[in-house]
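In what comes next, chain A is part of two complexes: it sits with chain B in the first one and with chain C in the second one.
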Partner chain A sequence: MPQSCGGRSLNTFNILLTLLLLIRVLSYPVPEGKSGQQTVEALQKQIEVLGATVSSNFTVDCETYGTYQQTSQPQHINILHNSEQPATCFAVLDSGNCLVADLQFDALMNKIKMFYIQKKNARVEAKGLRYEYGDFIIKVGSVVLGQSTSFKGVIVEVEYMPAVVVSECFGLMREFMFSFMPTSVIDATTNHWKTKNDAIYAPQDTVLQYLEHFNNFRKSAVSMMPPMQ
Partner chain B sequence: MAAPADTTVFSDLSTALRKVQELRASVSRVFTGLSEGLKDGTLKANGDKVLLSQLEKNLLAVNSDFSDLQKIASHHHAPPPHYNASLIVLDPVTDRHPLFTQLLQTHKWANKLHEHAALSSHLLQQNLLKRSHTSGIGAMAKKTRRLGSSSHAIPPQAVDSVVQGMDAMYNNMSITVTRPFGQAAVLVVTLAKTLRAVIVLRGLLIEWVSVKGFNEDVYKENKQVDIWSPSKYAVYRKVSDHASSAMLHFYHPLKPELALRSFMLWLHAYVSLFSTPCHKCNKFLVDNLPPTWRDMRFLDAYHENCRTHSM
Partner chain C sequence: MSGVQVSIEALNECQIQEVTLDGQEIYVQPLSMSDSLSKLAHKIDFHRDECETKGKPTSEGDKEEEEEPPAKNAVFQPSLWPWDNMRTKLKMALTETSVLLDVLKIVKEKHYMVLDSVSIDQPEAKPGFFAVAKKRALNSAVSILSNGAERLRKSQEQAAKRTTPNFHYELLKLRSKWRLKKVGTTILGDLSFKSAGSRFWQSGTFEVTKNDLMPSDFKEGAPAHTVRSPLQVHIPSELESVAYIQVSIRHTQEGCEDLASADLQLPNSLPGSIPSDTPWQRRLETAQNVIFCKEVFVQLAREAVQVKSPLPHLVIGNQVFSHLFPGMQLCIALCHSIDKSRQSSIRPGPKPDHNQVLEHSLHQLVRELHFKNSYHPMPHPVSALLGVSKKRRNAGPQAFSRTELLDMTHSESMLEQIIRQARHFVVRTRTLDILDKLSEEITDLQIASHWCNLSSALESMVKVNITFNGYETFKALFALHICVDKIRVVMKDGRVINLSYEPQELNDFILTQVAHHHICIVQALAKLMGWQLLTSNSHIGVGEMEPVGNVQSIMLASPLGNRVIAVRSGPFSGVHVHVQKTPDVDTIRELHESKHVSLAEKWEMLGGPFHKVHLDKLEGRNFVNKMELLMACLSSERTDTF
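Presenting the complex of A and B:
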């Protein structure tokens, strides 16, 4: 859709925080003259200063499939994979319903090509380092959109493993994140936990939060495209 | 016991000596007979024969004496050696052995030992704090012994009713009872969505407490309660340690039910493990851990290091 270009400069990146137990999508302008990679490195350095150790790499990717027939209201299926659950595939509908299946589900999507077709240049991937610090797991990564390998934003995931309910450890996680991130970032809220504040955590909660952030990345990427003549 | 043996030995020795004397006498008789020859020269014709028969008689006497001595000697064996002690006697240089100084030290040591034993027994008699009331004196001690022994011999039905009472007392804390080891009850306490605790009881006395996370499994693959394995999260391992110290704090063998109720009330304070900041420093995290300690009386939340200032 033709849209006027937003007032953002190109070196403004969105920093999206995915918090496993409390979801907050936050965007704030990166200081002028600082690249995305520098932002990631600065964050990683601060986490290492805390005393956290790198345990491995992490990847979360998302493919989007749209309905084949153009006549009806377009519907989407998002297929996500998370390296934390390497044998699992998550399929999320527009309504937010999430199906948790084995990796074989990818093959099934190929079988129903007649109904759902993969959207081109819609693949979003988050890649980075996974840190362990006591009972916390921190993941800091950069987000890549479509075929391009250019940097689109920073994503941070913080998990406090012993707790299973968000409302209980809200203050605790806020205090922890404050030790390496500015308060303004932490206090912006996303939608996922608004309704599920007292629910017990499940892996799909993480994936749904990632999807919410990926969608925001896509929207911001579209808004930054030059208007079509 | 050794006296008869000694007398036989001595009599053997004296007869042997006597035999030796006889042997010497008979031998000397042979030689004197030979040297003197025949005294009267009248019987010269038969002189050789007489001399020979005399010598033969003397030699026979020597032979019989010698065989007697040999017989006695074969009965009498050499005395057994008295190990090293007997050798010391043989050594004329007594200064070479530090035996005397060693003996002196041993005596000193034995005296000291005796002195210390007397002192410690005196001190132990003054201090009558004993957990097993086995050696109590008087009617009071008898009473406590009877009560103490009964606190772990409570019938399972009574334990069940106490646990059911506690289960009903708290809304957000459920307690289930299993008995995998016969009489001893194992309680699995689920506290809200925060933690699960495994408590092993003996009667109503708490024997063991282990705390795990809400999302950790307290049952093994064979459906048995997993009592021993620690939690994989540092925060619950710390809470387990504190629960063990609380268990000892509330320990009361005379009123086990009260002790169990107090402990459960204390454990229930962990419902706000992640949501309550420290009472002292007003922070959530210190050393990467939330306030894992709960005050025994007021149930306030403290970090492990902050509590020392609170007490």
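Presenting the complex of A and C:
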């Protein structure tokens, strides 16, 4: 495992992984009384045992706006903020096109209320701790959906700062992640890198991966909801 | 018909155009028939919708045309016909065609009307009159020009002749260089740098008065008496006299001994009041300099209190002390001799040396600050916040990370910048001293340093060559990057060594390099002379310990193998050369004489003890030359055999 060498590079590279707790609950019998928070804590403890140090907190939140007109196919804009880029606001369309804008873009969304309205109970937020370990940054957080503060899943982000191309460091990262997560989880990454494995990393790559996971969380949350009486 | 005759006379039929001074009235001539017709014809608007003329292709066109002006305002009722709009359009077209037909008829068939060209009286051309008028106009222009030229010539002659300068002329000169304004009856000027972006509180208002040339006419209150100039400037008393910022680097332990030495900014005299009869330009410049120096000092003193540092900066009186390195501090003082007693208390003992380079960069930093205050990047878009830099504006769309944003907020105060520059200055001066000292001390070889001329206030570079005279092919090369508080050494093979600001480290490093170079050059020489390298050790563990660094050694065998040279080179102990002879004649003779041991011939080739070579007694220019001669001498020696 590489030790810390040199300073931070400007371009960073992220791989995003999730431990979808709901699925695990369904797949594997978890001991009675073990909550999601406990899972997060266990994971954090494992990372701390590795020698990583807590640097700060992190937040990634996502708001969804839908078109006002009911006639055509509904279209969505997802507005995401990442605490790693505090001055930036990401807007992602359904097609996957990502707009990187200033924070004032939020104010702009308020101006176009006539066309896009905010979806209620669609806010997803991932919050947790940010660890630093040499050239790696590890973020372990819990995902919260809508107004409820109920726990929906665990999200893990691992970043290897010196690299800018995924394909060149995936093996290294996989090996690193294996030290605190089971292999089955590591291999179930998102679809994001499948197409652009050789592209140079940009901050929107992280955000797109988060969005993909958030959408998964939403879908599973809907499927888990009790049917309306 | 009998009765009263009533005679009717038309009153003024014609309009009075003008009444001359003698009471005569000039009338406007009545219009002739053709004139009045053309005038009336002008009034006709052929484009108007004349409803009453519809469908009347009459031949009484001229009558009709004269009746037209009182146009009948037909009240249009909103028609219910579907084609009403079309009908009116057609009607209009019909009307216009019929009018056109009428006009054509009138023109063509001469019995209705004869068109006659309107004769307008042309003014009679009078060539003589024009010539006179032109001449007169030209004359007046010539007189204006020649008057102006005359006045200019006069004023220039006056200016050339003028021994006593005129007040207004002086004022004009003053106005071209300084900001002046008139308030009431007084003329006020401004010395401060506020228009250049300064935010210093002190106002630099001065007053300009006219100086009556007779000294007896002076008022008592006038502070300065200019004898020559008719223009007098009154500068506030706190801006009088000379001021400057003194920057010096001092050794704290050794009192006032200074590292940097340079002349004072005002070398001729200590700051004192300038004589009263100096020209106003110089007095104003000096006063402005006082404001500038005060601003610099106030800014530095404020930052010294605000900026946190491991060793706090000190502000004592008019001096700011900050710690550069252990035993070395930067002292920035404001020297302003407003009163003599205070000045003498400030500077006791010998005058500390002044560092002009740092003073200049201090001035530059203040100018930069002024520039930043006065020139803001324009907001983009226009509705955005003012004062946001372009980099910060792009931070959002370019998705800057948290660390990049944090780096952007970090700004360095003026004091910190000048301290960094001073540190670099100290390190650079120390490096320079060490290189000079060593190249002076070590006479056997040449230490040549080439300073790079592309340097900044915070970084400079020097390349060092170590060579022996006459053997320049073999040289030791390294480059020193002098940073703010460290020296980075880049060796010939690309190794990088970081040295601290302590000069002793650099000294030791260069001595080690010199010692190493001795061994390297002996090895290279051996190759040339055909000697064989037996061992070469860069860290030998025997012999006397060096205070710093390691002793290196090399052993060489002569081409015949009967002589061995051992060279030992240490950074402090210097170079020692030993020679071994084989066979050692004395030992073998002793052994033969003792007869206790029988010796086979092969044992005679055993090496004997090493004998020290006194290098200073050898012939040769330098160490390498001596070694070359020694090797040449030993190679030719044959083995002594019995």
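A few notes on this one:
Going forward, the second predicted complex is superposed on the first by the 195 of 229 C-alpha atoms of A that agree within 3 Å, B and C clash if a C-alpha of one lies under 4 Å from a C-alpha of the other, contacts with A are read in each partner's own complex, and residues count from 1 in each chain.
The criterion applied here is as follows: a contact is a pair of C-beta atoms (placed from the backbone, for glycine too) under 8 Å apart; a residue touches a chain by one contact, two chains touch by 3 or more.
Every value quoted in this text rests on a predicted model; they were computed, and no experiment measured them.
Of the two partner chains, chain C is the only one touched by A:Leu103; chain B is not.
When the two structures are aligned on the shared chain, A:Leu93 is found in touch with neither chain B nor chain C.
Using the contact criterion defined above for the overlaid structures, shared-chain residue A:Val49 touches neither chain B nor chain C, since it reaches no partner. Looking at the shared chain after the overlay, A:Glu84 reaches chain C, while chain B stays out of its contact range. With both structures placed on the common chain, the touch criterion links A:Gly134 to chain B but leaves chain C unconnected. By the touch criterion stated above, A:Ile112 is placed in contact with neither chain B nor chain C. In the three-chain superposition model, chain A touches chain B and chain C at no common residue. Residues 193-194, 213-215, 233-236, 272-275, 277, 283-285, 288-290 of chain B touch chain A in their complex. Chain A meets chain C in the complex at residues 8, 10, 12, 83-90, 100-104, 202-204. Remark: chain C residues 393, 395-405 touch chain A in the complex.
Across the complex, chain A meets chain B through its residues 51, 133-136, 160-165, 167-172, 175-176, 200-201.
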